Every structure is written in structure tokens, then in C-alpha cells.
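The following pair of complexes shares a single chain, subunit A, combined with subunit B in the former and subunit C in the latter.
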Partner chain A sequence: MPVQLLLGLIVVLVVFAVVRAYAPERTLLAGVVLGLGALALLAVDSRALLSLEFWVGLIGFAAILSALLVVIHPNPMVSILFLIVNLFCIALFYLILQAQFLAALQIIIYAGAIMVLFLFVVMLLNLKTEVGLHVAGGPQRWGALLLGAAFTALLFHAIRGRLDQAYVESGMFDSSFGAARGVGGLLFSKYLFAFEAASLLLIAAMIGAVVMAKRKVR
Partner chain B sequence: MMRVEFFLFIAALLFAIGCVGVLIRRNAIVILMCIELMLNAVNLTFVAFAHENQSMTGQVFVFFVMTVAAAEAAVGLAIVIALFRRRLTTDVEDASLMRW
Partner chain C sequence: MDPNVARVLVESAVKIALFFFVVLTAVAYMTLVERRVSAWIQDRQGPNRVGPFGLLQPLADGIKFLFKEEITPPHVYRPVYLLAPLLIFVPALVTFSVIPIGPPVELFGRTVRPQIADVDNGVLIILALSAMGVYGVALAGWSSNSKYSLMGGLRSSAQLISYELAMGLSIVGVLMAAGSLRLNDIVERQAEHGWNILWQFPGFLIFLTAAFAETNRLPFDLPEAETELVAGYHTEYSGMRFSMFYMAEYVNMITASALAATLYCGGYHVPGLRLLGLPPLASALAQVLAFCLKVGFFLFVYVWVRWTLPRFRYDQLMNLGWKVLLPAALLHVVWVSFVVLMGWS
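Moving on to the complex of A and B:
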């Protein structure tokens, strides 16, 4: 059963993270024991490795975990690296969802260009790890957590409503769906105006960034 | 094949995490990263629905969201640099000149 295997591996990872956080001197021992446990789990149910559900679940877990670490890690540099992990997970989701072109764009533009920009700025400003975790105080913090929980509950409720509908297998597999040809064709015909507007936006952003970051504006 | 709802659940969680991050973190760079996180969650939703409907329009929208994200990151980081030059901080609590 891929789901049980997935849950087992997630428990193994979480236990390892907890041991590493609270008892750093036991990290090696815990790593060896839990690694053997994970291998045993995989040996018991090695066929699950061939199922898509298992891998998608694992990638989803990695995406959620890295997103949480982006938010809670005190060092901005580590946050950036975990955000890159998150972007790669989402690129894998794009591949699974038949968006090959977007998966390539995601890695080239997001992980390759935008995150390098972030890394560059953090290195330029030479930011130190925050003392403690510098978060908003009192009411704003609890309000934010409450709002996040309520928002998640609302979205989950909305999506659960869809689960009642019968699942329709989406036709036959079309290998040209999501390829550069199809997306580009739409981009240069139906959405040509939006495409040109996007180029204008990029030029405006470039000029704005240069003017803003210049040492002295006269 | 997986049900599309699974990806919607993941995207909803990622969006909520990014949302909470924007509200509780005070470091301007981390706030920008959380905004990227939220934009990515929305992109994942777009791609999931594009897959469900077998229509590539959703993927074209992801392309535009990526463009906006790039522009927003460039301008946002330039503002952070300008702020750091004047105040030697990236804490948004210290950038309170225009605050009511």
C-alpha cells in the first residue's frame, strides 16, 4: 500500500528532524537506526516504489516541509535554499500534470534567475542570522496564525466539495499537451496583447529596479 | 492518474503557509520569498485545472504570473537595497516613515 509506506517514511523523517533539533549528539545513531527502518519499510513493500501515488505524495510532503522551513528558519540564506527545493518540487508536479514547458520555465526562471537575485541581495547586504526568530509581536502573530488556519480550513472545505463528484478520467494521453508548441501558439495568437504588455511590464520593472538601487539619484 | 484535488490541497496549504509567513515575518527579504511561495501555489492550481480541463489557457496564465513574479522580485529587492542603504536594516518595522 503506497499510502502506508508514505506515512511510514514521513514519520521516519519527522522523528529524525526532532532528534536532530533537540538531541544533536544522537543524530548519527538516530540516522543509522531510522535509515535501516526506512530500508526495511521499502523492502517489505518495494512494489509501491513503482506507483505514482507514492512519489507524488513524497514530493508533496517535501514541498510542504520546505515551505514551512522557508517561513520558520531564522537565517534568510537557508530560507532561500529551501525555497529553491520547494520550486523544484512544484516543477516535478508540473511534469506530472503534463506541463513540460512550464516545468522547464519554472527551473530556468524561478530557480535559475529569481532565486539567484535573492541570493545575490542577501549576500550583498551580508544579513546575519536573526537573534531568535524576529516575528511580529503579540496580536499580529496570533491573528496571522488564526487567519492562516481559518483560510486553510475554508479552502479545504471548498476543495472537499469537489471530491463528491465522480472522477472522470481525462480522455486519452496527448503527448503534445503542454509542450512549447501549444503554449507558444496560444501566447502568440490569442494572448498576443497580454504578451506585449508583459514585455512592457518587464522593461518598466528593470528601469525601476536600476533607478531604485542606484547609489545616488539626481 | 491522481485526482486533481490532491494538487489543489497541496496548493492551498502552500498558499496558507506563504500567507502566514508574510504576516508574521519582519524581514523584508523573507516576506518577498513568502510572496513567491504564494504565487507558486496559485500557479500549481492553474496547472492542475489546466490538466483537468485539458486546456492550455491555464498554462499561458502561469507564464504571465511568472513574468509578474520576476518583475515584482526585481523591484522589491531594489527597494530593500535602497532601504538598507539609508537605514542599515531590512526590518519592515523600521520602515515606518509612511505609516499612519
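Moving on to the complex of A and C:
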């Protein structure tokens, strides 16, 4: 069963992380034993490797883990790397939905162009590694908890009663969804105004940045 | 297991193994070709002692690299330092998987394409993967924690980003002519209507220049300008990890050459081959051979240019990228869209 296999693999990973964090001298031993365990799990349930559920679950787990590490990791550079991993996971989700074009754009624009800019900024600012995670006390903490709980409740409400439904309902799915032709058609017909307005906004921001940079030189 | 799934898996595995072997062998021999051709251009002998004509030299080099000590300086950021060579090498190799090297052939009762993945958005996938190459260079520079490496990494990221734009725009011309993002469609259209290089020559020149910059080759090899930066972003690497950077550069060159051949020079198409009336398998082999020859020619151009032109200065590089190539590429897009709209193509 895909779900059991996935849970087994996650347990193996968590045990490994705990051993690495609290008993670093046993890392090699734990790695070998747990690696063999993971292989055994895969061998017992090799059919699950061909199922969609397994891959959706695996990618989803990787997405959540990388998103958590973006926030938790003390080194800003490593945070950026995990954000790139996260964006890749989203691109993989697009691929599972048959939207090849969107997946490629996701990687080119987000993982490629925007994250390189982030990387540049962090490299040039030369940020130091933070010591541990700082959690602000007082009203901010309680506000964060409250809003987080509210958002979780909203998510559960949204997916409640849908877990046993098919991923793609036949007849609802448009095969041209997320293909180059479909996206281009939408951009230049239905969303033409928003598209052109966004491009104008970007140009204005770019010219503004150039003007400000030049003023500093003088 | 479903027999159809098994068949696809086996076919893909065989193709991947074959491509891996061919590309890596080509990389090894490209190092020899580079040294022999540069020796020829400079009127020297070049490496000619190991085997006939120095043909076993790459093998000797490989063994030497494997036995070198891997030195990891104590001040590096280790996880990223170890990851960076892979981040350069893997995208460079994966890019090759969407390039068609020959026409579809009937083999063992089924149609086989000499291409690992025949995807609808092949061109976009190539652009996405080449964008990933920036990370390897930038992170190698940053994680080495050394001034030379950081300068090399920063320079290289700036250069790659600047020239990616011109490269993408020059490819847009090809895409508009073919009306598809699939590399096979682009090749087939050129087979019917003539090669793109004939009427998109400015685009071809822009693409070639940008490809030189993207692969960090002379005259744009500022990231590793040895006179200023020791060796740039891979200063702190040694042994097999250094050779990963070195191999990635050659894989990138081969991929860029294959792309130039596919996008502008008809890919595996040979004009007038149909008139000879060869049997299908022989004709397919001839086309694969033609593709290899085209790629070989571009690889030769790489070496040729290296020993012909001096290195650009950094401001010249940026001026060329932003003030010459980018406007030229935009003009080229306008020209091609005009031609396509009028139906002249």
C-alpha cells in the first residue's frame, strides 16, 4: 500500500535525523541500518512505486519539509537552497497535473530567475548565521498561534470529506490546461489588461531602481 | 508489472545508459581535441605520447584525477561545498536528454526515437536546466569562503543572467518559425522549409555568442580568468571534485553545440538524402552521423575561437550583453515575427 510505504520511509528518515542530532558518533551505523531498512520496505512493496498516491505523498512531504527548513534553518544561504527545493516540488506537482508548460515556467522564473536574485542579495549582504531560532514573545506569539490555528481549521474545512475522491475527475479536466497554447491564449484575451498592466508596473519599478542607483553615484 | 510499462522502462534505461556513455566519452576526447587543436593553431605538437596520436591521454588524465588527494580547506561551508560541483554537472548532463539526435527508426517491431525524452516543451526544459547551472557556480564561489572564489562566483552569476536573456530571445525567433516548443517539430520544419540559419542568421550569431558566454568559454571566461582570479569559483577544489567542474564545462559545450545544430542547422536533417533512396535504417544512421558532424564542427569552433580572440574586460562584457546583444535580439524577434506574419517563411 502506498500510504504505509510512505509512512514507513518518513519514520526511517525521522529516526535518522534524531540519531544524527543527538548521537552524532552513531550516524554511520544508523545510516547503514536504516538505509537497509528502507530498501527492505521498498522491496516488500515495490508495486507502490508505480502508484500516483505514493509520489504525490512523497513530493508533498518533501515540499512541507523544505518549507519548514526555510523558516527554521539558522543559515540564510541554506534557507534559500531549501526554498529552491520547495519551488521544485511545486513544479513537480504541476507535472503530475499534466501541466508541463507551467512546470517549466515555474522552474525558469521562480527557481531560476527570482531565486538567483535572492542568492545575490544574501551573498552581497554577507549575513551571519543566526544562533538558534528566535521566537518573539508577548502579543506576537499569541497572535501567530491564533492565526495559525484559524488557517489550519480553514484548510481542514476545505479538504474535509474529499480525501477519498479521485485526484482528477473525468470530464472535468481540460487536457490543454497548462499547455503553452492555453496559457498564451488566456494571457492575450481574458487577462490582457492585467498582463499589460503588470508589465507596465515592472518597467516603472525597473526605471525607478536605475534612477535611484544613478543618483547615489553622483 | 504491465508489459507496456516494463518495455518503456527498459527502453529508457538502455537509452540513458547509451547517452551517458557517449556524452562522457565525448567529454574525455574533447579535452584531447582541445589540446591537440590548440597545439596545431599555435604550431606545437600537443600531447602525442600516450598511445597512437595521444589517443589514450584522456584515460591517463582520468586515472591521475582519481588518485589525486581531495583537499577540503577547513574554512569552507561543507554541505554546500560538496553539493556545488554536482549542481553544475547534473543539469549540464540532463539537458542532453531532450535533444533528438536522429529520426525515429523501426527497431524490434516498435518505433524508437534516438532521444531520451520527447517532450512538448523541450526548449523550455533546456532553458530551465541552463538556469540551474548558475547555482552551482554561485554556490561554489560562496561556500569556498575565499575572496577569489567569491569574485569568480559573483562575476559568473552576473554574466550568466545577462546572456541568458539574449539567448532566450534569439531562440524565440526559432520557436515562432516552428510554432512549437518541441525540438522534433523544429527539426522537421527545417527539413521541409530550409534551415533556420539561412534566414535567421543574426539570431544564430546572437545565440552562438550567448552560448559562448553561458559556457564560460573564451572570450567570455572572466569567472575563471586565471590572471586575476587564480581560477575563479573552483580555486579551492581539487582532485575529482575539480574535474567535475572541468567536465561540466565540456558537457555544457557539447550541449550548446547540439542545440545550435538543432535550432539553426537542421538538427539531424541532411539535404538531398532522400534522393539517394537508402534503406530506412541506413538513412537514419547517416542522419545521426550528420548530427554528430554538425556538433563536432561547433565544438571545433569553440576551440578555434579560444585561440583567436583575447579575453574581454568585465565592463566590455556587460556592455556587449546589455547594450548590443539584447537590443539586437529584440530587433531580431520583431523581424522574424514580421516574416512569419506575412507568410514569407
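We take it that the second predicted complex is superposed on the first by the 186 of 218 C-alpha atoms of A that agree within 3 Å, B and C clash if a C-alpha of one lies under 4 Å from a C-alpha of the other, contacts with A are read in each partner's own complex, and residues count from 1 in each chain.
Keep in mind that, in the parts below, a residue touches a chain if its C-beta (ideal position, glycine included) is under 8 Å from a C-beta of that chain, and two chains touch if they have at least 3 such contacts.
Since this is a predicted model, take the numbers as computed values, not measurements.
Of the two partner chains placed by the overlay, only subunit C lies in contact with A:84; subunit B stays clear of it. In the superposition on chain A, contact of A:105 is made with both subunit B and subunit C.
Once the two complexes are laid over each other on the shared chain, residue contacts for A:180 go to subunit C alone; subunit B is not touched. Of the two partner chains placed by the overlay, only subunit B lies in contact with A:145; subunit C stays clear of it.
In the superposed three-chain model, the partner touching more residues of subunit A is B, compared with the other of subunit B and subunit C.
Of the two partner chains placed around the shared chain by superposition, subunit B is the only one that A:67 touches, whereas subunit C remains out of contact.
When both complexes are overlaid on chain A, the residue A:113 reaches subunit B and subunit C alike. When the two complexes are laid over each other on chain A, subunit A has residues 101, 105, 113, 124 in contact with both subunit B and subunit C.
Those residues of subunit A that touch subunit B in the complex are listed here as 52-53, 56, 60, 63-64, 67-68, 70-71, 76, 79-80, 83, 86-87, 90, 93-94, 96-99, 101-102, 105-106, 109-110, 113-114, 117-118, 121-122, 124-125, 127, 130, 134-136, 140-141, 143-145, 147-149, 151-152, 155-156, 159-160, 162-163, 167, 169-171, 174, 177-178, 182-183, 186-187, 191, 194, 198, 201-202, 204-206, 208-213, 215.
Residues 47, 50, 75, 77-78, 81, 84, 100-101, 104-105, 107-108, 111-113, 116, 119-120, 123-124, 179-180 of subunit A are the ones touching subunit C in the complex.
By the touch criterion stated above, subunit C contacts subunit A in their complex at residues 1, 5, 77, 79-80, 119-121, 124-125, 127-128, 131-132, 134-135, 138-139, 142, 150, 153-154, 157, 161, 181. Subunit B makes touch with subunit A in their complex at residues 1-3, 5-10, 12-21, 23-27, 29-30, 32-34, 36-37, 40, 43-44, 47-48, 50-52, 54, 56-57, 59-60, 62-64, 66-75, 77-82, 84-85, 90-91.
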